[in-house]
Every structure is written in C-alpha cells, then in structure tokens.
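Per-chain numbering from 1; labels A, B, C and D assigned in written order.
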C-alpha cells in the first residue's frame, strides 16, 4: 500500500470520526490561538497571537500536527490513548512501556531534523508524565485526589490535541537564599490564597519556551522545599490567556531570506517571562498544593524525563552539524582529508553516545505506581551531560571546517545586485562540480545556523535547557552508590572494617 | 533458602550427574594444565604449566570456575546449553538473545571487581561467537561445512568447560605493507600446506593473553584480505600444547606481599608470542581456509563482540578507581571537598556512559543467520572508544586525589622493622578515626594498582585491548551513514541536487 | 603633572608642529574617508564611507587615534619613527627591538579592552613588518629594490597616520588544486599585465576586515608558490578607492540600544570581498612581482607577526569573558562558589598562557636583515594555537555561569513599557545589594556579547583570524626539530645508527 | 679549539687552583657519601650510602658534577659565585639576573635529556633561592640575622659543591585540621626546644627526593601558619647524617638489563620519609624560628622557583616522549601518517608552551630585596599547571602510537635463549630497513619507560612534584586580579557603581 493511498484512507477515517477525532490539524491549532485573549508582549507592545513575529515559532508547532497526518510519520507520532482509546498525538501521551520510551526518543530526533533545531512540544509531554508519576505518589502517601484530577485533565488535553508549556523555572532572586529566605517572597511562584473554588498564585516563571503559542501552561516546582515552604509547593494547569497572566516574550528567528528560500529559515522560537499577578486556578486543575515533600520529586521527575528527551533531540542537532560539516568539506573538495574525517567521526560518536544513553535509560526503565514507565534517570543524566559538555565543541568543529566565510558572506541583497552578482558567483566557486548557487545556499545556511542570534540561542539552550551539565552532575552525585565502590576496594586491598 | 543450602543442593545435583557434568571445578582445570606437554617459556626458560610464576594469572581463571559453583553468581554465570541442554559456564556460551547480551555485560563487570582487573576468559567467548556468526555466513555463501564443524567443536568445548585464547594479532611487520607485500610472508600467520587430513600453518600470533594457561588456542584473522591473500585467510582451534607451538611469555603480577595480604595481589596476567612453526590442524578443527572475503568480517565480528565485553569490564575498572579515590579522600578527611566530589562524579559518568553504550548495543542487537545475536556494533564501538580515551585520565584522577604517597611509600619490609614501624605508623596517620593499618593497606593497594608494572600493563591494555580508540573510530567511520546527514542539511538549506 | 595638563601641553605641541605632525586626529581620519570615491557596497547598495551603517566599525579605528592623544596611553601608543624622527602611532611602526614587541602585545591587550573585541588596526602593522622583512630578503637575493620602495611608502604611511587592510586571503576555489591548477585562474589574485608604469592585477581578496574604512589596501600572498606560479606572486599597496576596486561588505555590530547606552554597543566590524577587476598599481607601490620563492616566506612572516598580535588581543577577550563571568556570579550571590572560582581560574590560565607565549616569542625574537625584530614564530604559533582551541570553551564557561537569561531576556522596549517595567525589575532582582538596573545592564551586555550575530562573528574570528589552530599546527610541524628528539631517545635506549 | 683540548685546559686550570676549587668531581661527592654515618633504611635494613641499590639514583647526581667538567656544558653549568668569585656549579647558585633564570631553565631541560627523567639536584637550588629571598624579608621586618647566617651557609655550600634535599612536605595527618589542631602535634615538624646553642626539632618530612644521597637537608615550612603556630615556623639546614635523623627510603630504578645496555637504565631515584626524632640544629644553621608570618611566604617562594624549574624539566620529559613516539612510528613505517604527525605536534605544543611560560616568568622576573631575581610566579604557575594536566595525556599518546608491544615484550632472557632468539628476531621485525636489534632496543626502552614501576613514579612525580595542578590553580587564584577584569566589563556594559 503506497503512502498516498494510506494518506487517503486516513483522511476518510478522520472524516468519518468527525469532530471527535483527537488528532487536530495545524489550522485548528492556529484557530485556537487566534481566539485567545491577548496577553502577549514583545518589543514593547501587546500583540495578538496571530502577529507575524510569531509565525516562525508557531511553524515548529504546526509541524507536529502536520506530520501526525503524514503516513510516513504515523507509526512514530500517533498512538492509541490508554484513556479514551482514540488515536492521539504522541506528544500528548504517557509512556506506558519501554517501547513507548524508545519511540519518544526516535520521534524527537526525526522531528528536530525537520526544523533544524528544538521541536519544543516535548516540554509538555515530559511535564505531563512527571505530573502523572508524582500525583500518584502524593495520593498514595496522603490520600489526596491529585492523580484522578490529572487524569481528567489529561483526557481533555489529549482529546483536543493541546500544546502546553513547561513553566518550571522561578525568578529565584538571590541564589544563596532559599524560597522562604528571599527578601521578596514572590521570587518563587507561590500560593497566596486558597478557597473553596481554588487557589490564587503570584510570581513569575521565566525562560518559558513557547509562552506565546501554547494552549495551556503547565506549572511545576523548580526545586526541593522544606516543611516551612508549603506555599511554594504548587503544580497546576492554566489556560494561557487566563486573567492576570502576562507573557513577555523574546522571539528569536533566523535572518529572513529574500529569494533564497530555505526551510530552516521558516522556524523560530519564543522565550518568555510569564507573570502571574494573582492568578486564580480552580481545584480541578491543581495537582499539588502544599505537599512540600513532593516538590523536589516532581521537579526531579520532570528533569529525568526531559533529559531523556534530550537524548533524542541533541543527537539531531549533532546530525545537522555533522551533515553541514560533511557537505561543506565535500563542496570545498576536501571531504576525504584525514583530519576532517576524524572530526566528522568525533561528531558521530558524540551524537550516538548521547542516543545510546537514552536507549539505556529506556531499556532500564522502571514502572511507577501510576503505570508510567520512567527512564533510568542515571542514564538520562549521563546522556544529557555528555550532550551539554559538547555543545560548544560541536560548533567549534563546524566553524573550523567551514572556514571564515559564514562570518564574512555579503548579505543576500548584494547577490541580487546585478553589479555584484557575477563577482560573487565567480569568487565563491569551489569544487568545480558544484554550482555557485549550491555553495552560496550552503554557506548562507551555515551562516544563519552558526553565526547569528539564532545560534546564540541554540548554544544557550544546549547548555541550560533541561538543566546544565553541572545540574546533571548533581543529579548523578546525589543518588550514585559510591559506597559499593569503596567496598570493592576494601575487599581488594584486604581492609576489614 | 539460604545460600549455603543452595550450594549444597547444587553439589548434590553435580554429584548425581557425575562425569557428564559440564561445569568443571577449578581443580579439574588445574589438572588439565598440569597434564599438558611443556611448551611455555619465560625469563629464558622452558617451564611447566604448574610453575609458580603462573600461579597468580591462573588464579584469575580459577575464579571463573569457582564462582560458577557459588549460588550467589549462578544466575549470572550458569546457563543451559542450547546444544546439549546441560548447565554450562556462560563464558563458553553463544549469545542467543538480547537478554544473554545484557547478562554477559553484567557478568564481566561483576567478575572484574573480584580480581581488580581483566577477567580474561571473555576473550574466547567473543571469539566463539564471532566464529559462530561468520562460519554460518561462509557456509551460506559457499556451501562449505565450517559451521557444522564449529558446532561440534563447541559441544566439546562446552562439555569440558574449556578455556581458550583469542589468537588474532599477527606480527604484521612493515605497517605500510599488506600481508602479501611483506618481505617475509610469515609475518602474518598463513597456510603453508593442505592435505586430506588437514592443514599446516606457520607464523606468529602476538600479544596473546592467557597463552600459558589455556586449553585451546582459537585462531582468527587479524584484518581484511584481498583475493590474492587466501593463504592468510585461516581460522581454527588447536590444543595449546600441540606440536610445534611455542608460547613465549611475559608475566605481570602485582608486587608480592609479606604480611599484608590482599586479594588484589593474588591475581596476574601473562601475555605471549605464540610461535607456529609448521603446526598441523585436522580439518574438523578448521573454520576458515582460504575464504579471503570473510577474513575481514570475522575479524570485525570478533571486534564487535569484544568491544561489547569492554562495555562491561571497563566500567569495573572505573568502579575500582572511583572506589579507591573515594576511600582515600575519606581516610584523608576530605571526602566532601567539592573538587573531589566533582571528580568522583566524572568517574561515575565515564563508567556509566560506557556501560550504557553496551546496554544500547544489546538492546539494538540483531539476530544473525546462525541464531547468534550480535550487538549493534556502532554502540560497541562508541562504548569502547569512550573507555579508551579515558583510561589515562582515570588514573590521573586517582593519582591526583591520592597525593604522592603511593610513589614514596617505603617497602613493606620497613614496616616490619621494629626500629621503624612506630615511626611509619605515627606519620602515616590521617583522619584520626581511621587506623594506621587501614591507611597503610589502602596506600599499598593504590601503590600496587597505580604505581607499578601492573599498572603499566593495565594502561596499555586499556588503550589497545580489543582495539585502540583509533580503531573504533575507523570502525565507526567506515559504516556510519554520513550521507543521510548531508541530506538533512540539503533539505534545511534548500539545496536541490 | 596631572593628565589634563599633560594633555594640554601635548595639544600645544601639536599645534606648533602644524600640518607636519604625524599623529593625526580621528576627525582627520574621518575626513579622509569622506573624501574617497564611493566603491563600498552592502545590503545591495553602493554607499559612501560616511554611511551610518559604518559608524560603529569606524569608531574602533577612531579610538586608535584618540588614545594616542591621551597622556595615559602615550607611552604605549606613541613612539619615534626611525625614518622621520617624528612621533608616530605605534600601529604604523616597525618593531626594532624586543622591547617594541613587548609593547605591541601590551597595547593590543589594553585597546581590545576598550572596544570589547578586535582593535583591527594591528592587521596593517603586522603586514608592514612582514613586507619590511621579506622585501629586504628579496633584494638581498635578487638585487631588486623592493625594500627601498617599501621604506618610501612607509614614510608616507607613517607621516599621514594611515590605516591599512591586510588583503591576503584569496578566493582559493577548489581546495585540492593549486593556484595554477584552478579552472579559473583568477581564484587567486594575479598579475595580468606589466608595463613601464606598473602592473595590472585581477582577482579577489576575501574575509578582508576593515575593507570600507581603510586608507590603503596592503596586498600580500596567501600561500607558497611554485616556479610556474610567478603571476600569483605579488605584493603591493593601493589606495582603497582606486579604480576598478569594489568593496562588498558585511557589517556586524551589536544590537542597538535605546536608553541603556553602553560603550560595547558603539563598536562594530566590517568584513569584505575585495574585487580587483584589472586594477593598476604603479611600480613604486609594488613590493613583490613574480618572485615566487618569497610568496611563502612573506605569507608565513605575516602569520608569525600576526599570531604574536593574537597573543595580545586574545587574552583581552579572555579578560572580558572572565570579568563578565566574575561579575554575573557576584550579582547572583555565588561569586565564591568553588566551581565558579575554578572556572574563573581556568580562564585566567588560558589568557595568561597565551600572553606568556607572546612574551616568550618576543624574548626570543631574532633581528632580521631589515633590522626588524621578528618574534620567535614557534611561540607566536603556540600562543595563537592555545587561544584558538579555547575560543568556544571560553564562551561555554561564561554561558554556563550566566545561566539562560542572556538568551531569554525580553527586549529593551519591554523595559520601557510602563505596563511591564515593574514586573521585569521585580523579577530580575538577584543579590539584594545590587540594583535591578545593574543586573539588567549586565545581562543585556552578556546577551549582546554572547547571544548575537556579533558573538557569532567573534567566534569565527577567534577560530580563523590569523590562521585557525590547524594552521598553527602545520606552521609548527613544518619547522619543528623532531629529529633532535629522536636522537635523545636513541641515546637513552642505546641505539646506535 | 676542539673539545678535547678545552677539556685538558680546564683540568690544568683546576689542578693549579688545587684544593680550593669549588667545582668538585663526582668521585669527591661519592667519597663524602661514603664517609657519612649510616642512617638510611630500605627494604627493612639499615644500609650504607655505598649500597648497590643506591647506585642508579646516585648516578643522576654524579652527572651534575661530571657535566660541569665537560666543556660542552660549561657555559650552562658553571658560573662565578657572587660571594666568593670562584667558578661554581649553577645548581648551587642564586639567580641574580633574568639571564640567570633563562640559563637555569635551559640547563634543566638539557640535563633531564641525559638521564631520561628528573635531574633532582634543582630541588636544593630552588630552596636556597627561596630561603635567600625570605630570610632577607624577615630580617628587614624583624631585625633578625637570618639572611647573614644563610649567606655564610651558602658560601660553605658553594665552596664544597654540596647537594641538598628540599625537606618541605610534612606528614600533615588529618587534612581538615591545621598544624595546631592535629591530635598529634608532630604531624607537622616543629620546634620542641630552644636554648643558647640552637634548637631541637621533631616530626617527619615525607616524599623527600634524594634523601639517602644528599649532603644536607634543607628544611622549609609546608604551608601558611597562624599566630599560635610559631612552633611550626622553622627553617634550617642539617647534615644528612646528623644524630636522630632516620632516612626510610623507597628506591625506584628501571628494570636491569643483561646484555642490552642502555643509559636510561643506569639512573634511578629514591624517595624518603625523613624522621626527625629530637634533632639538634645550631643557631648558625637556623633560618626561621617562630616567625609564623613568613612560613607561607617561604613555602610559596620555594614553589614559585620550583615551578619555574618545572618549566625546564617537564619539556625535557615531553621531548623524550615525543622522540620515542616519532622513532617508533618511523621504525613501524608510519612516520608520516597524518594522525601521528598530529599527535607529535600536539606534544611539541605542550612542551613548548610550558617552556614559553618559563621564559615569560623569567622575562618578567622581579628583583627582590635580597638581590635575588624571582620569576613572575603567575607564569611559573601557568607553566607548571599546563605540564601537570598533560602528564598522563602524554603517556597516552606514546602508548597509543607504540601499540601493545611494550606491555607484551618477552623478557630479555628469552632473547638470549638460542631456542627462541631467531623467532623473536623474525617476528619483531617491522620496517625492513631497520634491524631487529634496533626495534628490540627501542621497544625495551619504551617498555621500561612507560610500562614499569619507574613509569608509575614518573606519573606521580609529574602530577605532584612541585605541587599538583590544583595547587597551581590555588596559587593563581589567590593573587590574580579578577577585580580589574570586572571593571573592564562594567565599563563596556555601562555599569556605574
């Protein structure tokens, strides 16, 4: 059965199922965004969610809907909801087996290839799984009903094919002080009121990817808390345009192209300061409220899932860097030079070791009380760590192989100037088998990808997204069994305690 | 059921089964060695296999028999032969599932902990698996009967719980010249005669671990060959004391102890030049004879299995280095210093990433025509590579944390001199909670482990055993799909071919 | 005598000396630029040299004039010309002693601090010194008069306090082919005609820093040549607006500020493709014409001087990265955290080792036949190499310490929006002792410095400017005395040839 | 004038000057050792200083006498004493100019080449210079007479061409506790009595190189002290066989050779625990006694000088490793392989950067109140640091290039066994142009140099000798001007305090 046929059958099936179909189209997603109350700000102005500056970032999310409709990606992206039995987008799913974890990792790698960077939507997937795991633990320990509430919310989320943010990082203020020690208690988001209908929260969540184009904000704690810090132990979901939320955003997109269109330049990202100035959340959307002992576990569980995601997406970035390096070497006629071969192999090793660590995390995953499989966090951490310490090194390799041209390439406009174009085409030529246009396209891509504000964003995301290498080290150190290693040495050395 | 009881039941079962029992004792292994014709040389003399200089190396192999009798290790070390149905030592088994590969890796890590280094016996396991895979491929392609022969040989090997060497590396002579281009054709081991009974071979295999204390030498090719190089395409098994074999050995064992006994010092290793001066091999023991196209594949298949083994054993070495570093820091009273915690975590990350790469290799293993599962060699290679490039760095960390004492510690004899002992005990004291004896034992262990000929051996083995990092890079580079990465970039950059 | 007084005395002295004064003001430099014939292109348009887009790059050069008038910098920046006896700007001087080389290095470090990056003008200094050394060598070997011509040109250059480019890198085309093997011979700039008045050249020089705002282009060869390649062996000086030159430029400047003015954002850089489409050069400005044996030496001599310059400027970059990292740690309240102290020290070590290598290059400098001291190129190379391999690593350290904020900081406009400013000020607060404005200013600087197109430019310049690390390795390898090292080992090992 | 003639003239000159000649012969040195009271222990026994086990270590010191008599080394090794006007061995000299520091560094590099490792005698040179600098500072601050005493002692030391140890490192006990906080106060050597004749000290100095074959022990403090710790603030010189000193030694020498003699195997080293059990020191040999404020400065000043020495000796080690790697590649026929060329160049860069840092330390040296020039310690530290972090990496490179043979090479005895020698010679052959004997000699050298207890000693010495990398980081961090770097950034960012 060819792909086209598959595609038609799918469409038929979708039409039959009509409005109940849980797989939404990217247009439906766009419509939802347009209908939201404006509370997004950037460059000093309040804007609607259909403002052109958001188009490129939104294109990334659109792709996650479009490919779910593409027969070639169905197996990877569509699965049956264990809650409703409907086909759902894997980005909205819980991981209920080792195989699910393998697929998550593979999906992320493949989709990042398509946008030349972060696919963004996995943030929510990992947050949902973390809330799923931890609410069950709270309920088991405390007799609460958070997990039931969460499952209800998840049905709604899956059925509507929603997009959520991960709103975790607080402003944090003085890094030496705990939440309860800050001069301004709002520097960590906190509960300021509770009543029969729900809770009211105040604070900010910062570095929030996708802020202006999610349906829902998913809030989870940023760190472990002490007994006195129950007010900061809060998790909930809130519509992105709820009252008293402000989304102050910085949009980063590749330089625009004039004639030289390229898929890479169609995508972008927005980061936000989310301001919560006394925001009301009804109880059915609250997943933790005061259970301070579980703030740390929920934070760590999210990190463990999200670092597993990195084991899928970071190899994709490495793939792109590797492909660009290989291609520029080929176009320059030095594809077989030993030191280039060596550096390409180094990239392959980095990418595949990160990916292998993700496979191992899945292969050694543990079924939690909630039924969700959590990857072995040790290997989530080692994979994310290795990725993190190599981010800048990978750019270094590409820069080194590409030569200086990406930083000195005259603007596209000069290529369109008939007084200049023949000179530029003449002098950019390298391997005589490769047209000037191809060389030009490749170097402009590398320039946009490595010598731009977009690159800066990617470098920061590569270090800090999901936790910087120092955080993985802490994650590993705090649970690793060093004691058993000492025992091995005592045995070998003949030391008896 | 306690372990002692389990142990007794096992012994009963063994006695019932009598002589047919395929799990042999270490004494039975020793007896076999004693009965062999003397052809081992070291320090200028021909010695018997019961010479004291071989005791420590042989202790390593004895352990692989003893632990198979120990209920605590049964699950890991004993399995049912798919050929005979009998319980066999896992070191003699083929890997017939992903689970088998997981177990192999785990067994190696645990056993290396017990001897403070290389467990050695896995060499043969990996060689048998490689011969198993490749003989089937030859037979399928050529209509030969190598695989059947091999299976018969394997039954014999399993039933007698034998120990084999991996005799792969040739002398190689001029590194710029291929086997057929060497001035002296024997610089790669080759077939010099064939007749109805079998073949006669000449050459040397060098760097052969366990040379003086194996039952069988398992010979496989060292590299890919060309059509004209059929004479060098040879694989076979031969009893270790067959006529015209000479085993010229270098034995490396830790410094002996006087009173301060320690398990680590009971083990050792021997490396050998194996000289084949017209050795006859009957056809039933020949597994490749002229099929030059399969020389490379057999060599690479062995490497792929053996590098997977490294993903088990090298983390064990890292565990020991980590344990020693953690313990010396504790005894010096600085176990919690941030830079020490950081370095210990770095060791944990190295060890666990190597292990994770092994898990991924197993999780992504492929069933071959022979029924044997071969690990995904990409991940065997990445794991072994990461281990290899960190060998010296790991010693550096331990040396750095241990301080200079392992290199300046007066000999044990001085501790036994009553004029000196009280001074030495007084001035070696560190953390007042830890006795001088413990500190002394620990530093003597670190001295023997890191500042000794044994350490030199381990450093070389860590770099070159199973193929040095540059070999893994070649292994990866030669099969990695760089083309698909270029396609990703062409897509993103809008380049159309 | 206070600085103000010194300054006045200097101005008086300058006025007395009138038009002959060789130290020009930055306004005089600007006037020269304005008077030039327009041949600069960027963003598709031909522009005058007073176009606003060039203002920030030109500010860098202006500073090199202004500080030469500042008593605090006089000792460093002003020296007596050995040709005219007049005080001249050190950027126009030959290095006639070890002390001169020390001063060059120090001047570059101090000036780069002022612009937050490359001071640019040293390009010409190093080119003039290289032409000075090599023309003397040609004359001595061939009986030509290049050196005399050059000295005459230099007098003119010094007396007018000119700014020159280094126009070295050719388009190079197919990297596997030599100049004479290219399909298009113009891919290396070449002599197409000679007559009694001078020569005519065609080709392009690319990656030319300062292209749109120099007085003169200084052309030198890019590589070693063979006997058949005399047409490519050419060096000369040409006014920047000479007929048939086109300067196609890419300008990179930090993001503009609205209210939050900062010196860093006042500076920028332009890179250019310089097109020579049959450009005439009179003989008195030609410094090499066909002497192919000296193309390599002139190229290498420039590299040797310029890599010595890098030993001054790259530590300045490290200083800035170090200062930013130290300050952000202080403002976040974690200035004394051990891992931060450790990384700051690592930066200090990198910067100071690079600087030390420059000092050693000067201390071991050699007086050439021209009288010019050339630094020991071995140490120019080792210093530049160490700088090059640490460029990305240094950014990694700063990114790691700064956290994600530089990539997520909302635009300055949002700070000016009264609906948002109090939120942003509230939530950016860290160490309570440090005002929000300071934190904001610091993070905006780090954002502009590390997460921007400017950063991309700096990363590329750090790798490739003056030759990438692989070029230094080649430079070192090709002259290093490995033979003597082998002899040491032969002696120790008792090997007799 | 040829060398032989020079040599004779020197001898004549020496004979003329008779007994007053301050340059002693190595036999005179040996005679002194023989005459000393036995207090050396090793392997459980008290031995005389003429015991054969000490021969190889003593050979190192002998060389420092012999080469001072060799015209080829005179310029480097002999200088005029500023105290007596006599020619003295540079190892006994103070550094009174930048040129002296350049020469010290060069001498160490050249002499280390001759012994294949540490030349040892520089320990005392650096200690004498440190005592010289600090005693002057104490006298200037306190009105004491330590410097005068020291100068008298130095005249004696120079006139007799003595050899001294650096006895600095205390036992140190609990690393968390200061000297005054140790349970046992002797864990740092201390003054237990003072009277009119002198002082009595108790404690141990450990890791003392040359313990059994020095004339004098030179004692200096190990660390900074507080006001209450005056008893530990002590510096003095004491004859090596003074009453109540015990020298408990560990001797490390290369494996002995039978027929295959090689200079490398003639040298060795001894490390010692020096026990001071109530040792009396007369006042004229006491250079600090209670001035706790100067304990830290004396320790740091020694470190600064000694790390400058490392900038001379460590490049020599790198030279040897580089030479061995280059030679083994040549003998194997792969000397021109790109990855080998690359690694050789990496070694060259490491060695030369360390050396360059030493040159810079000398070029920026400062004249102290004592007249002694002290190198700029920042650059002593950066050079020693770079050396330290590359020790293991350098061995890694050599091991990687050498292949496994150094760890599997059969013992020399097997080469002497006529049944085996022709096999071994046949199969060790590589490049057909190079004899088996040369290959054998080279691999045996590499085996002894890198796969032996000697190698272990060298690795530890490379990390810890003169202070491990972490100590240099502390040394740099504690004095580096980070504040000025912050000011640069405040300026650039527009931050006003």
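Convention: a contact is a pair of C-beta atoms (placed from the backbone, for glycine too) under 8 Å apart; a residue touches a chain by one contact, two chains touch by 3 or more.
All figures in this text were calculated on a predicted structure; none of them were measured in a lab.
Visitor: For chain D, which other chain has the most distant CA centre?
Guide: A
Visitor: Report which of B-C and C-D is connected by more C-beta pairs in contact.
Guide: Higher contact count goes to C-D.
Visitor: Fitting on CA atoms only, what is the rotation between the copies chain A and chain D? Please report it in degrees, nearest 5.
Guide: 180
Visitor: Roughly how many whole angstrom separate the Cα centroids of chain B and chain C?
Guide: So the centroids are 55 Å from each other.
Visitor: Using the average of all C-alpha atoms in each chain as its centre, how far is it in Å between chain C and chain D?
Guide: Their C-alpha centroids are separated by 42 Å.
Visitor: Where in chain B do residues touch two or more of the other chains?
Guide: Touching at least two other chains: 339, 342.
Visitor: Looking at which chains touch which, would you call it a line, ring, star, complete or other?
Guide: Chain contacts: complete, every pair touches.
Visitor: Write out the stretch or stretches of chain D touching chain A in their complex.
Guide: 338-339, 342
Visitor: If you look only at chain C, which of its residues touch chain D in the complex?
Guide: My answer: residues 113-114, 116, 260-264, 319-320, 322-324, 326-327, 330, 341-342, 344-346, 348-349, 352-353, 355-357, 359-364, 378-379, 382-383, 385-386, 438, 441-442, 444-445, 473, 476-477, 480, 482, 484-495.
Visitor: Touching residues of chain B toward chain D in the complex: what are they?
Guide: Contacts found on chain B: 41-46, 169, 171-177, 183-184, 186-187, 204, 206-207, 246, 248-250, 252, 271-273, 275, 277, 332-334, 339, 391-393, 395-396, 399-400, 403-411, 413-414, 416-417, 419-420, 423-424, 426-432, 450-453, 455-457, 459-461, 463-465, 468-470.
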